[in-house]
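The following block contains the structure, expressed as structure tokens.
In this document, chain identifiers A, B, C, D and E correspond to the written order of the chains, with residue numbering beginning at 1 in each.
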Amino acid sequence: MIDKIGIEQFMILSTLMFFIGVYGFLVRKNLITMLMSVELILNAVNINFVAFNKFYYPQNLQGHFFAMFVIAIAATEVAVAIAIIISLYRKIRTIDVEEVDEMKY
Amino acid sequence: MEVVLFYILAGMILIFSVLTVTSRRILRAAVYLLFVLIAAAGLFFVLQFEFLAAVQLTLYAGGIIVLIIFSIMLTSHVSEKLEAPGIKKTAFALIACAAGAIVTISTILNYDFPAYSGGNVDASMKAIGTSLLGYKENGFALPFEVISLLLLAAMLGAIIIAKRKEN
Amino acid sequence: MITESYSYTVAIPLVLFFSFLLIGLAGGKLKPIVSGVFGTFFLLVSTVLSYYTAYSYFFVDGKLNGAYQKLIAYDSLWLTFTDKLQIHMGVLLDPISVVMLVVITTVSLMVHIYSLSYMKDETGFSRYYSFLSLFTFSMLGLVMASNIFQIYIFWELVGLSSYLLIGHYYERPSAVAASKKAFIVTRFADMGFLVGILLLSSFTGTFDFLKLTDPNGSALTQGSAISFLGLSVMTWSLLLIFTGAAGKSAMFPLHIWLPDAMEGPTPVSALIHAATMVVAGVYLVARLFTIYVFAAPDALIFIGYIGTFTSLFAAVIACTQTDIKRVLAFSTISQIGLMMGGLGVSGYAGAEGLGYTASMFHLFTHAMFKALLFLCAGAVIHAVHTNELWEMGGLKKFLPVTNIAFLIGCLAIAGIPPLSGFFSKDEILTAAYEKDKILFYVQFLVAGMTAFYMFRLYFGIFWNKERDYHSKPHEAPFTMLFSLIFLSIAAAVSGFIPFSEFVTPDLKPFESHIHWSIAIPAIAIAVIGVTLASVLYRKDSDLPDKISISLGGLYKAAHRKFYIDEIYMFITKNVIFNYISAPIAWFDRNIIDNTMNGIAAITNFISVKIRGFQSGQLQQYAYVMVSGLIIIVLVALYFMNN
Amino acid sequence: MNSLLWLLAIPLVTVFVLMFCNDRRQYRLSAAFGMGLQLIYSFYLVFRYTAERSSGNTEQMVFMHEYRWFESFNIIFTTGIDAISLSLIVLTAIVTFTGILVSWNTEKLPKEFFISLIVLATGVFGFFMTIDLFTMFLFYELAVIPMYILIGIWGSGKKEYAAMKLTLMLMGASALLLVGILGLYTFSSPDANLLSFNILDIANANIPVDTQRFFFPMVFIGFGVLGALFPLHTWSPDGHSSAPTAVSMLHAGVLMKMGGYGCLRVAMYLLPEAAKELAWIFIILTTISIVYGAFGAIAQKDLKYINAYSSVSHCGLVLFAILMMNQTALNGSVLQMISHGLMTALFFALIGMIYERTHTRDIRLMGGLMKIMPFLGVCYMIAGFASLGLPGLSGFVAEINVFVGAFMHPDSFHRVATVIAVSSIVITAVYILRVVGKLLLGPLDEEHAYETGDARWNERWANVILIVSIAAIGIAPFWLSDALIKSLQPIIQKLQ
Amino acid sequence: MRHELMLVAVGVIVLIMDLMTSAETKHRIIPVAIVLFLVNTIIGFLPIETGKIFGGMYNTDDITILMKNAMNIGVFIIFLQSAEWLRRHEDRFNSHGAYFFIIVASLAGMDYLISSGDFLMFFIGTELATIPIAALVAIEKARSKSAEAGVKLILSAALSSGITLFGISLIYGTTGSIYFAEVSKAFGNNSLQILAFIFIFAGVAFKISIVPFHLWTADVYEGAPISITSYLSVISKASAIFILVILLYKVFYAIPDIRNNILYATSVLTMTIGNLFAIRQQNMKRFLAFSSIAQAGFVFLGIIGGTQIGFAAVVYFLLIYVFSNLGAFGVVAAISCATGKENMDDYNGLYKNNPKMSLVMMLSLFSLAGIPPVAGFFGKFFLFTSAAKEGYFILVLIAVVNVTISLYYYLLVIKAMFINEQENPIERIDNDIYTKLGLAICAAGILAIGFFGSIFDFINSKTFGAM
């Protein structure tokens, strides 16, 4: 059943997802979309954890819990990030990442 | 059945991921992300981690996406189309990500993974509960407690930033 | 041989060092005349001791088995190089050093006395006396030195005192320049001296004169075998040492400093630049004579030729100079050249050593009559306040004593018997005649020229036309005259000293007598010279001018001292300053320094260039991060798989 | 307390006292008192040392004391002196004391000035009294850094540039040095647990020649830069000319000696095989240094620049002598260090005093100063004569030792180098007499408004102390030289 | 566990007090919080049992305790230095309690981080240490730079934790455990694990600001309030370095060559680039940011050999670094707080009116530059020595050359303070007692640590070496 799929498929999936997320982080101009890309990255990681847990180490739930905590932390991260983004938006009226470059060199 | 499901879900994840990072309408991107998250939850189901799938749906799909959408509402117009990123930037990012993906995937494929050895994972609520509050090996009481501290601190932080000036 | 009985001789120079310190440190607070008296007194002590030493050495106990001994009267370790190679400070007594003691103290005493009135009105009187003490101290230390390094040390010190005394009138730029020139030229020569010492000591392994000049010792044979550029190392080292001697003794082409040194006070010229310091070179060669004659006869021949050439060269120039002190200076150069020539033709044993004896003899007599001449010149200058020969004339009636004294000096130097110069010059000519005819003829010619230019001077000053003097010239005071008279007597009679009884290369006395076959022509040419001078200069006439015009370029060249000064000027000013020093300074400031600054600038430049990385763009940061990560992965995996 | 620690304690207490002083009178009195005490103490040490030696102590180092510091690295602060370091300590005490006298009338921030100066001196004392590389390096840097502040605040001219350049070049050199020291440490014992920074221990270790070859240039250049090794000397002219008087004195007089001392004690002593192999490179460089510095000095117009280039030349001679590796030359190098230290301090002191009165250092603008300030003029001439190696003054003793030692090498490479080096005595005479002639002699340049007045009492004392030291060595070098030779034996044995 | 619990207790007490005080009396929290934290710091020094709990998720040993105490001291100093700033900015954000709580919580996160025995605690600790701090970075609402810094920090931190997590997931997948002890057994020399290792390394390197993961540093440091900048540059960096050592030598020790080469290259890059950027900085905070990047490069010299003494040198260096950097930041903070001036030009002639602060600054900078006799010299020297002992002479050479470059820009500040003059130098600043105390502690630490060799020996006796 699930063993027909093979761990490689899961990993390729997660890897692709991971790098799609990274790509998004690198090119999206909007701070919030960058944040969304981060979520993609974290999800990719979660898939890995869960798949490994299922495939090789079913005797305990380490991967599962790891994924759970990652979700929780992702939530806090998003919360704080959004708070900061909004605070920034109030100051400079934009959330275009390319305009957030008051400090440089 | 699961194989088919997996491929469907995987396809969904990839397609919507790509859409998430390419869509020029920000709200749509958020919705695509939602689909990705739901598909991922589906994968968790396939892998028999029902609880995790539920957490994924509630926290991610329910919490985070809503948060993101709110913030989108606050900071941009719904109809607004994002500027397309510069070609140079896209190209460089693509090269880097493609290179990264190729390296990682080829490394993964070269790795001699053992055969599938899993049986059924005991991801029942009981098992999860015991583990979560266990303080021996494979118990997660400590991280569970620490993350509460994190949540509190982050919440406070978010509040003091987001709070408007009181004058 | 070490002896205790002469250990008091160490006091001869030290008294003067004490005098130098006393007058030098307390000088400002003493009355000038007190300093002068102090200085003279201390020198008198020294002189008495020297005379006593000479007496006991030559007549009481200097001789052993018919030969004079080299006595180490005093010895103390000064500096250790290695266990074997050490510098000692010692006193070596042998005939030449004892003779030199007498010469130096005598002339110096005369100069001290003379200066009491000559320098009376000058500022810096105390300074002058302290420097005179310093000079006499150094010179005595030089002649008494027991090893070559000690000579070098005092050699430098006499150079210093010469520098200080030439520059006595330090507010006169010409005096400053002259003193500087004297020091630097001799210093340049000393560099050769030093390298020579280093070379010599490096294979003989000693500085000690007793070891170096022992004819049976091992020092003479070492180094002769090793050759370098066709000459043995020994010859090289001795030639280098001779460079030092040539510098001090103003041999061609290192003579240029001496005429300029006449900027100093005249008594100083008499003491340092006529009687004592300038003959230090001769003394040095004489001191090392054994080693020259045995280990490097080539070098000795070279010395003979250089000396003789210099004597001719200087005599020619002397004929054309009009500054009376400069004439005397060139005459000094010429006479020292003769001494060197004498050494160059000398052999070692017995009567073959005539050249050596003659040279020392001439040194002795020359010291007397040249000091006399200078002091007379001083008296003249004192009277008329000028150095120019053609601004004087007819002084014989104003300065009768000086006139006589000067005449005695001139006769002595011209070699007219029975004055002292005749005897010593005769011996030099004889020695040359026996060894090398060319040298003889040149020296013979020089003898005539000497008579000519000296009497040109004499007649020019005391006869000739009387000039308009601002104030009536008057005879010098007694202290000055005393010195003149004393030295006149010495110049007149010192020729009768049987020098070969005392001073010989092998320390064994031999008989010498006048060689009339050479003496008569020599007297003749001297008389011709005197007559010629008398014809030309006794009365005011335009004949000299006509002659000089007819000689044309030659006269002009001689008058301008054959342009040697100009050549030196070119080398120092242009070559050293403009083509070496200034470029080095430029190179240092611009190339080397800018290289260092350049490193800093490059760092800064890179810093500016890479600032683009810190663009403020978050995504660029992330991009660097991700690509950095991927590069690290790639490199790591590549290395792992290879 | 160990007798050597007083050398650190006295300056530190002085600094401490200075912190609580509150007017200029107190500052300078306490500084002078402290450093005077240090001077007396250093002479007392000489006395103790002589007594120790004459009582038959033949150890390489006397007054050895060990203070365990960082056990884990086996870092032990070890004090100990031999005649070489002792004579340099005395030199430092003399120069520091006279430096304080010369700075008597410092107007600007006098407290800070004296404190920095004494801290600098402390570094130097520490450097000479330790025999472990760690502490040596520590004190080396401690001595270099106050320099920046001293030049920067109290300097003149392009002071900021000069201070920065000096500091960076010296610290850059210390970078090389540090690597060298760490290399020595690493190879000081085959057993990793017994590694040691102690010079005496390292001297007993057999460091492989390959390793030596790698580290010798680092150590030598590292110290050599401080000793003005061509072409890394350029910090010196700018630095010295911009520094205030006392600092120039200390820097040229003492700090540059740390370079020579380090080369001798560390580079040559601990890495002898490589030293023998690689000496030729540095002989060429130092020979260039000697002549180059001297020629460079001829073309200068600023008094301090002249003296700075002259220092390049003289310090080149120190390193040159060290590379000749025999007893006489090494003795000469130490003597030259002391001699140069004294006379260059004297020079800089005098230049400072003259500058104070004429407000210029350009020799073209001055003349005939002997007339109005005879005392200073005479002192300047004495310094000049010491510099050009006149017998009776210390320079001569040092130079002949160097030349005689160098000439003992029978091969023509060494001899040619030596002859070139000897030529510096003439060039030195040229520039010294040129300055003396222009500055002191000749007609008085009336146009320049000179502050009249000869040396004041403090200046007189400073000069007299230095001159007496110079003359003492010059007239009776035997005692010093003999003591040095004895102390040099271990180094020479390694170099045989 | 006591450290963490104490911290939580302190945080909670302060937070409750904050809730109970009215807006007018808010500032009274400041002394209370400081005293409470002082108590906590002191209690931290009391002897404590070491060992593992929570099935190996939490480890303590003497060296972690030492590190925690050092961080406590550091945070105590930061609190002292931020008191004035808090009081002055009372009107801007009315939440001192939150400020203290977040820092304390974050510190607890770091304590967990360095005590962690598995990747989950490692990850949570990292995030706990970072996410709330991002909020504090953005706290100064009056300055847009503050928010910008916050955005830059949290987004790049998110990316870096994503990367780390990906690495952790691969490690988990290939070794079957998230516990360090088991991972280390199963970790071997194969491509996928090395790839995973590098991903994790990148995440930690991001926290330490190792080139090329350093670019956020300067902007965040500049934008953040100074006390937070000091916190990030000192405490956060120190803990990350500490955990890096543990990861390298307790977990991933099976690949010495790759590890050392990576350390070598990143070390050289980090110190060089950090220095090159620091040369031209005008803003003091930015300047110190780049300087602290360069400092991190030096630390790798202690890590690279993997010896016990090397690790001891690292901890020793970090201890000194806490005092030195906080000394420098303290002065910058005091001046910025009183005058709002943060540029190097503004420091011209500082010594004239503020001699003591200038001296503290000078000591701190000398310590950072590694000039004797202040402590930084010893710290650097030992790092270099431990690298040299393992034969990394060229690396040491590069490092010391970089020290020279760094000296240049440190001297620029000293030049500004002591040598340069300007017409209106900064007026005399009357610091409050907290700032004075904070600076005094720093100065004392800088002066004293080097002289007591036993401190180093103590650290050395507690550290572990390569496996």
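Going forward, a contact is a pair of C-beta atoms (placed from the backbone, for glycine too) under 8 Å apart; a residue touches a chain by one contact, two chains touch by 3 or more.
Computed from a prediction, not measured in an experiment: that's the story for all the values here.
Think of each touching pair as a link: the shortest run of links from subunit B to subunit D has 2 of them.
If you take subunit A and subunit D together, the chains in touch with both are C, E.
Across all inter-chain contacts, the pair with the most C-beta pairs is A-B.
Nearest to the common centre of all protein CA atoms is the CA centroid of chain D.
Farthest chain from subunit C, judged by C-alpha centroids: B. Mean C-alpha position of subunit C lies 77 Å from that of subunit E.
Mean C-alpha position of subunit B lies 31 Å from that of subunit E. With each centre defined as the average position of its C-alpha atoms, the distance from subunit B to subunit C rounds to 102 Å.
Centre-to-centre separation between subunit A and subunit E, using Cα means, comes to 27 Å. Within subunit E, residues 120, 124, 127, 131-132, 134-135, 138, 141, 150-152, 155, 159, 163, 191, 195, 218-219, 280, 408 each touch two or more of the remaining chains. Shown for subunit B are the residues that touch two or more other chains, namely 89, 92-93, 96-97, 100, 103-104, 107-108, 138, 140, 143, 147, 150, 154, 157-159, 161. Subunit D has residues 168 in contact with two or more other chains. Applying the touch definition to every pair of chains gives A-B, A-C, A-E, B-C, B-E, C-D, C-E, D-E.
Taken together, the subunit E residues at the contact with subunit A in this complex read 119-120, 123-124, 127, 131-132, 134-135, 138, 141, 144-145, 147-152, 154-155, 158-159, 161-163, 165-166, 168-170, 172-173, 176-178, 218-219, 222-223, 280, 286. The touching residues of subunit E, counted against subunit C in their complex, run 151-152, 155-156, 159-160, 163, 189, 191, 194-195, 198-199, 202, 206, 211-213, 215-216, 218-219, 257-258, 261-262, 265-266, 273, 276-277, 279-280, 405, 408. In the complex of the two chains, the subunit A residues touching subunit B come out as 1-9, 11-13, 15-24, 26-30, 32-33, 35-37, 39-40, 43, 46-47, 50-51, 53-58, 60-62, 64-65, 67-69, 71-80, 82-87, 89, 95-96. Subunit E makes touch with subunit D in their complex at residues 309, 312, 366, 371-373, 377-378, 381-382, 384-385, 388-389, 391, 393, 396-397, 400-401, 403-404, 407-408, 411, 414-415, 418-419, 453, 456-457, 460. On subunit B, the positions that touch subunit E within their shared complex are 103-104, 107-108, 110-111, 134-143, 146-147, 149-150, 152-154, 156-161, 163, 165-167.
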